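Following: one structure in C-alpha cells, then a few remarks.
In order of appearance the chains are A, B, C and D, and numbering begins at 1 in each one.
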C-alpha cells in the first residue's frame, strides 16, 4: 500500500497530539477502567491491548468522541477537546468495527462520499488509493458483490489519502489476508515516520519495531512504554 | 524508541465547507435510494392502499368521500412517512456510516438537515405528486385538491423533520418501529389538524392564505429546531454502540 | 451558591433531606386534600347549571392541573440533565413520569364521567379533553422510551431530549386543538369554565389542588429515593443505610 | 351542609353514580400508586441487602483468581 497524501513537514511538533488525563469509564454498573492517563505523541504507533471486554473499543470510541458517560480530561494539542471539537474532528480519523461502507454503492462512490466531508480529493487520487489496497478492477462493482476482506479494504483505502494526523483504528485487521496485514503494518510504520500518530486495537500480532503498548485489563491499567 | 528527533506532522487544514459536506450527504442518500428502487415504491403503495381502505371499509358514497377525503389522504400520507422513517438512520447505523457522519467536522445538525431533505425528496414529495390522482378518486373538487397538495407540500417536510427526532431516539432499540410511532404521532397532531383544517376552510370558500402562512411557520420552526434535537438524540443513541 | 447547587445534585444529600420532609408532605397533603374534597362534596353549594355533577371538579381540576405541571417540571429537569448533567434531575424525570401518566388518566376519566350527565355522552371531542388525551400519549411515549433503553445514562439523556421536544410542542398542540375545536363544533359549553366562581367553590378547589400537590411531592420523593437506592447501591452510604438503617 | 340528608348526599339528585364513581377511581388509583411506590422502595432495599450479603459470602470463598476463560465444553442434554 502506498500513501497518496504526502504531508509536508511544515509544522514541527513534539508535544502530545492527544492527552488523556484520569479517564474513567463505567458501563452497566461496572468500571471498565479508571485513572487512565496517557499521551499520544506524533510519530508513534500505539497498540491498545487487553482481553475481551476490557474496554478497548470503548476507549477508542471515547477518544473519538462517540461515547459519552466517561469522566476525566481529553486534550488535543494541549487544550480541551470539548472546546475545539471541529478542529479535533478534522484532525482525527476513526475506523470502527463497522467501516462505514454502503453495500449498494461502489468502492469509488463510497470513498468519494467518505471524503466529501473532509477534503476535496480528485477521482484519480481516489482510484489510485483503491488500486493501492488491491482493489484495481473493482472500483465500479457494488460493494455487496465484494468479499468481506475486500469491503474492509475499501475502508482502508481511506488511510492512503488521509491527512489527519491522528488515526484511531479499531480492529482494522479483521478479514484481511496475510499479505494485506503486512502491507497495512508497513503503512502504519510509514505513517509514524511521517509524524502521524496511530492508535490501534487488534488481536493480530503486529511486527512493528518501537510500537507502544497500552494495556487494559480486568486487574487495572498499565501504560507500558 | 529510536533516537531520532521527534518526527513532525502537519495538522490538517480547514475542512470542506458546510454546503459541500451537506451536498455530499444528500447525494449519497439519493444514490443509495435509487440503487434500491423498490424501497422507494413501498411508502407510495402503502399510501394508495390505505386510501383504498376507506371507501371499502367505510362508505364509497360521494358525499362521505368528499367530506372525509382530505383527512383520509392526510392520515394516509402521515402513516406512509411514519413507515419510511425507520429506514432514515437504520442502514447507516448498521454499516457504520452514521458514526462517520457524526465524526465529520461540520455541525451535525446541518448534515442531518441534508439527510432529512433527502428523505423528504424520496418519500414526501412523491406522495404530494400522487395526491391529485387519489384526490380525484375520493371525489375532491379541483380547488380542494390544489389546496390539499399545497398543505402536503408544506406539511410533509415537517413530518420528515419531526420524524427524524424520533428515528434518532429509537435508533438501535428493539421494536424501534412501534416505539417510533408512539413517540412521534402525538407530535404530528398539530400538522395534521392544520393540514386538514386548511382544506376544510377552502371547501367552505374561506381564503386559506393565513392558514398556509401558519403551516409555513410550523415548517420554519421545524427546520430551525428539529435538526438540533435529532443531532442530540443521534449522539446519545450512538453512544450506546 | 455554586456549592449549594452542587450539593443539591448529590443523591446522598437529597436522600437525607427528603427523608426528613416526607412525613410532613404526606400528612399535609392528606389533610388538605381531604378537607378540600369533603368541603366540596358535602358543603359547597350546588351549581345552578350542572347540578351536583360539578362536584367532580374537586378532583378533575387538581389532577388535570398537576398532570400538566408535572410535564413542565420534567422539562425543566430535562434541561438540567442535558446542560449540567445533574444526576438528581434524571432521577426526577424517571420517577415522576408514571405519576404524571396516572394523574393524566384520572383527569381524562373524571372528565369523561363528568361529561355523561353534562353533555349526555361519555366522550366529547372537547378541546381540553383532547389536549389531555395527547398529554397522555406524550407521557406514554416518555415511559416507553425510558423502558426501551438499557443503558441508564443514555436513557436519561434520550428521555430528556424527548421531553423537551414535547414541551415545545405542547403550546402548539393546545393552540391547534382549540382551533380545530372551534372549526368543528362551535360553542359547546366548557366543563370547567366559570365566569365567576363563589368562594364556597374555589376555596375547597384550591385546598384540594394544594393537597394533591403535596401528595405529589411525597410521591416524587419516595420514588426518587427508590431510584437513587437502586442506582447508587455500590456506594458506601447506601450500603450503610441498607445494613444499618441510617444515612 | 348542602344536602338535607345522608341519602340525599349519596344520591346527589341522580348524579351520585357519576360523582362517586369518579371519587372511587381517584382514590383507588392514588392509593395504588402510593402503596406501589412504598412497596418498590422496600423491594429495592431488600434486594440491596441480599446483594451485599451475597458479596460478603463470596469474598470469603473466592480468594484465588479464576482464569479469564477456560472454554470448557458444557454438556447440554437434548430432550
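Structure notes:
By definition in this document, contacts are C-beta pairs under 8 Å (C-beta built on N, C-alpha and C of every residue); 3 or more make two chains touch, one makes a residue touch a chain.
Listed by chain with UniProt protein names: B = Heme exporter protein B; C = Heme exporter protein C; D = Heme exporter protein D.
Since the model is a prediction, treat every value here as computed from it, not as a measurement.
Centrality by Cα centroid goes to chain B. When chain pairs are compared by their number of contacting C-beta pairs, A-B comes first. A separation of 41 Å divides the Cα centre of chain B (Heme exporter protein B) from that of chain D (Heme exporter protein D). For the pair chain A and chain D (Heme exporter protein D), the distance between C-alpha centroids works out to 48 Å.
We define each chain's centre as the mean of its Cα atoms; on that basis chain C (Heme exporter protein C) and chain D (Heme exporter protein D) are separated by 20 Å. Shared interface positions of chain B (Heme exporter protein B), i.e. residues touching 2 or more other chains, are given as 236, 239. Each of residues 68-69 in chain A touches at least two other chains. Residues of chain C (Heme exporter protein C) found to touch two or more other chains are 150-151, 154, 157.
Residues 1-3, 9, 12-16, 18-19, 21-23, 25-26, 29-30, 33-34, 37-38, 40-41, 44-45, 47-49, 51-52 of chain D (Heme exporter protein D) are the ones touching chain C (Heme exporter protein C) in the complex. Remark: chain A residues 27-29, 68-69 touch chain C (Heme exporter protein C) in the complex.
Touching chain D (Heme exporter protein D) in their complex are the following residues of chain C (Heme exporter protein C): 37, 41-46, 51-53, 55-56, 59-60, 63, 98-99, 102, 105-106, 109-110, 113-114, 116-117, 215, 218-219, 222-223, 225-226, 229-230, 233, 238-239, 242-243.
Chain B (Heme exporter protein B) makes touch with chain A in their complex at residues 1-2, 6-16, 20-21, 23-25, 27-28, 31-32, 35-36, 91, 94-97, 99-107, 111, 235-236, 238-239, 241. The touching residues of chain C (Heme exporter protein C), when paired with chain A in their complex, are 150-151, 153-154, 157, 234.
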